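Below are two complexes that have subunit A in common, paired first with subunit B and then with subunit C.
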Partner chain A sequence: MTPMPILELDGLVKRFPIKSRLFGPKQWLTAVNGVSLEIRAGETLGLVGESGCGKSTVGKAIMKLHDPSDGRILIKGKDIAPLTRAGMKPVWRKVQTIFQDPFASLNPRMTAGAIVGEPLTIHGLAKGAEKVRIVSDTFRKVGLRPDQMDRFAHEFSGGQRQRLSIARALVVGPDLIIADEPVSALDVSIQASVINLLIRLQKEMGLAMLFISHDMSVVEHVSHRVAVMYLGRLVESGPRDQIFRNPQHPYTRALLSAVPVADPSRRGRERIVLKGDVPSPIDPPSGCPFRTRCPIAEDVCASAMPGVTALSHGHGFACHVRAREVVA
Partner chain B sequence: MQERLKSAVNLATAASDVAPSRSALGRRTLALFSAVTANRGARVGLLLVLTLVIAAVFAPWIAPYGPSQMGAGMSLTPPSADHWFGTDEFGRDMFSRVVHGARLTIQVGLIAVGISLTVGTLTGLVAGYAGGWTERILMRLVDVVFSFTETLIALAAVAVLGPSLTNAMVAVGIAAIPFYARVAYSVTLVERNRAYFDAAYVAGAGHFRLVFIHLLPNILPPLIVVATLGVSSAVLAAAGLSFLGLGAQPPSPEWGAMLSAARDYFTQAPWIMIYPGLAIMVTVLAFNLLGDGIREALDPRQKARQ
Partner chain C sequence: MTDTILQTAPGKTSDTAEIVLSVQNLSTEFHSKKGIVRAVDGMSFDLRKREILAIVGESGSGKSVTSLSIMGLLPHPAGRIADGRVLFEGRDLGQLSDRDMRKIRGTGLAMIFQEPLTSLNPVLPIGRQMTEGIMQHLGLGLAEARERAIEMMRSVSIPAPEARLKDFPHQYSGGMLQRIMIAIAMSCDPRILIADEPTTALDVTIQAQILDLMRTLRDRTGASIVLITHDMGVVAELADRVIVMYCGRKVEEGLVEKVFHRPRHPYTLGLLGSLPILGQAGAVGDTELTEIPGVVPSLDALPPGCRFSERCGFATDRCRAEDPPFEEAAPGHFTACWHSDQLERAAR
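Moving on, here comes the complex of A and B:
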């Protein structure tokens, strides 16, 4: 009997209206098109894909920064999709976000201590000396010194600012962390230390984490399970080792072949280079959304959307051609 | 015992850290001040503004005569050692009148800008934050008022309220509201799309906290610039109303009213027009220089260029 997932997405859809010509037909941009996934306590799910594939929209929909157009968002079994702002408040305490840009996500007019302590005030969890104690503890936890609480955000380096973001997310004791490209704005030399901090804290506190990234090597390092997104849909998901050692979907294979490997003996390995650009999510291709760039596409791909082929260990993918090969 | 004392001290110092402490805010203010004074024009402006403020505050001690004291000298005497700026047709000391006029001018600047800054900022902030129908109604209202010239609105307001300096201040203040509202609105739109606003939103912050703790402090810098520059146009507009006889009334040493009264005699005694006119010009120049200096100090792009 596995415990109830902390987060479960069931057919999540997010459409944005596009301003069109007067009296013209209303157009929609479908950023997320029927994404289903789940994350359990103590587990990190890496959500990967190219920019514009809708992975950040998934994160924002879970936080209700965008209202989902369809589907359910279950937090510990409770659907939060229809909740209003007032109803979201207790949810916002249990689900915390780490934003991508550590320079924009901290209020430039507030001190570091005030930023990290704010969620405590908002949720009425602590004040006065108690609040100071919790904030200093959290500072230490993320590798900052409590005497830095007096400083403004711009007086910190990029890595330290992202540590502040992490501290702000952890201070209220959340169950789920949504990390939206948390290290992509940082220098490579700083990335490793911030990632290791996230991994350590996640283990210590038994958090569920949705780790959104376009960087396959970072995702491999952080995640227990990986979900690959293309044009608003999941094309493959499964345990990390399955995805990285035994990828099934042609898109996953192409992504993995693009990851640089620090091993000259493997210099001759096969590189799958995708042709063309990602199609517009306003007018996606018929059938399988990947068929326009797929090296193995067949006629059937243009007519029907592929269903999910399930392998062992919860590994699954959506591809007509590969499904036939696996079964055969 | 020693331990407990230590931890108490630690807690006390830590407590001062979490709230935006005086030292942190002090550092910022000091940094801004030195950035402003690094600009030569702003230094001159600041000096002139300080002179004006000192003249206003200490007017009774600086001025050798009362502002309305008739027969302080012969009437219409040219500038001399006794009467630096000469005397007017009633023998009143022009220097004393100009110095006392500084009080009224400072009042006009503060009150008129205070009205337009407060009302305008709140309007723009609320419209930009709330969006939807609130935004549409508020901003269209602002647009309607914006489409009339400020002088016309001020004239209409004075016509309704009656001519007095107080009413002129209020009128000038009301007339400038749309400008401040527009600035506040556009900056609010920019700031509410920044990630820190989203971060506060998903932390569960309420309307009050989002507007007054997160947005307001971040939209203030451009508004401070606009307000500083706005003082000069408010002073000019109020002087204009007084010149037309719709603001300060005769015995009052308001510079615009003095100019108006001087029209009858300025061919024989140009000094009764020159000095109040100069005072207005210097005041406007001072606030413009200071405003430009603050703008440059607050604008990171300008800083990079230097």
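Moving on, here comes the complex of A and C:
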């Protein structure tokens, strides 16, 4: 039997109200529009898409930093969408986040040891010598030295600061890590060590991880499964190798072909260069959200939102035209 | 104003005549709280007509300071060119008056910056910002300049350019603004375009559009491009030749194919190994990315000898004592490393 997913999203929707003209109709920005996915223990799901596609909002909704507008968020089978802040406290112990900017997400007035130890106090897990022991163990685990516990965040380099963020997330023994662009702010030579560390820890501790990123090469390297978002919707998801070697949705294909590859001998490869920009999520196109930039769009794409076509191994995509070609 | 020797020097070969920009032993210093730091230290390179030359490096490598030094746009008075010179079509830019330099910016040298929103004036319509330079540099009247602006906007795929001239920067998307920046930079047909991280803030599908556009502009107008970037992928996609910088100096230089397939400096080798390459991932956790240990040293606390020695797996006592010279390791392929011959085994 397959174990219960650590995280399950079922039709997650997040709408933000936006200011509109006096007496005008109230306008809504739909950042996430019916996203369903699941992550099991020991599994990394890469959530990719370009800026404004809603991938970070998904992460924030799971943490309930944004209240979901609709849909269910199940953590180990329990729906947390209706929970209050007090009800969320035990959930926050099980779900931890690593943010993009290690300069902004660490308190400059606390020592490194205090930053990493704080979640232990908040959740009443340890104090005194026991707390010091757990914190120094965690320091070692992420490749920092326990004698660095008395230093302040600004005394650490960018890569070390991101290690501190990882230590702070791991110290309470979470089941799920939400990593939102965890290496995007780091220099290339530093990125590699943080990526290696995340993969190693995820494997050792059997964590479920939601890895949110715009960088397709990094996502391919770290993820077991991948979900691709466009304008608030999932357009394709499935096992990593299916998404990267056998992409079905025209957006996934374009996204992959647009990635600059650090190998000049692949320069001549065929590329799909999309025209135009992502439409505004305040006024999304009718039907398929991708149709305004899609190289294979037809009339039907403007009239109806495509359903999910399921292939083998849990690989699915949402495209009218490709669905017909796959079936034929 | 004296035009410099190169232009009138006798016995020049047609090879050297093709050089449009020559940076010679450039050093740029900044005053900081900790004293004077040298952000660029003895940088030299030639840019040929129609060539796309990439300068790649991490933060603090001096790549952006190099471009600002060339453009004469160093922050004043903190930064200054301490040594060396920049020859644009044989003329020493350091000897030019502000007025002459202004003339060269636009039709001679144009620059694209990373952040289009901070480089454009938020309270002026896009049309005004486009026509201003065109009128100034090409001496056109308003109506002609407007025509030219529309034509340039069309060439960078801005839909309905006539209608969008009156829009302000905030009414454009980030990708469109970067295209506008390119349109402005190219509107006076510059012979050289300096692009400092032109696609860093952009999404990958928009980035592909901009890279295509820069390639097309080179092919169509014969302009030369200096591409400043931290992204090895962008270098591999666009550049003919590449210079790798580390701590204010060149560590490697050569044709892109040569440098990527047979790097001759451990830093270049490390940078390439630290990148996951699309389509080459094995099972998750099976292959580790190469880590470059340590951090980039601060410019006021550089190690003796080779500046990369503290982080280098190949370093020996010699590296920690003596600065390696920047030498030709293979035809047209230069590096500053005592052990470049040993890299062969490590190369992929």
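Please note the rule applied: the second predicted complex is superposed on the first by the 324 of 328 C-alpha atoms of A that agree within 3 Å, B and C clash if a C-alpha of one lies under 4 Å from a C-alpha of the other, contacts with A are read in each partner's own complex, and residues count from 1 in each chain.
In the analysis below, a contact is a pair of C-beta atoms (placed from the backbone, for glycine too) under 8 Å apart; a residue touches a chain by one contact, two chains touch by 3 or more.
Since this is a predicted model, take the numbers as computed values, not measurements.
Contacts of A:T252 after superposition: neither subunit B nor subunit C is touched. In the superposition on chain A, contact of A:E220 is made with subunit C only, not with subunit B.
Applying the stated contact rule after C-alpha superposition, one finds that A:M110 touches subunit B and leaves subunit C untouched.
In the superposed model, A:V132 lies in contact with subunit B only, and not with subunit C.
Within the superposed three-chain model, A:T309 lies out of touch with both subunit B and subunit C [touch as defined at top].
By the document's definition of touching, of the two partners only subunit B reaches A:I122; subunit C does not.
When both complexes are overlaid on chain A, the residue A:W92 reaches subunit B alone and has no touch with subunit C.
Partner subunit A is touched in their complex by these residues of subunit C: 58-59, 157, 159, 173-176, 203-209, 211-212, 230-237, 256-257, 260-261, 270-279, 281, 284-285, 288-292, 295-296.
Within the complex formed with subunit C, the residues of subunit A that make contact are 44, 50-51, 157, 159, 187-193, 195-196, 199-200, 203, 214, 216-218, 220-224, 240, 244-245, 254-267, 271, 273-278.
Against subunit B, the residues of subunit A that register as touching in their complex are 63-65, 88-89, 92-93, 95-97, 99-101, 104-111, 113-114, 117-119, 122-123, 128-129, 131-133, 135-136, 146-147, 149-152, 165, 168.
Here subunit B touches subunit A in the complex through residues 11, 14-21, 23-24, 28, 194-196, 198-206, 209, 213-214, 217-218, going by the rule given at the top.
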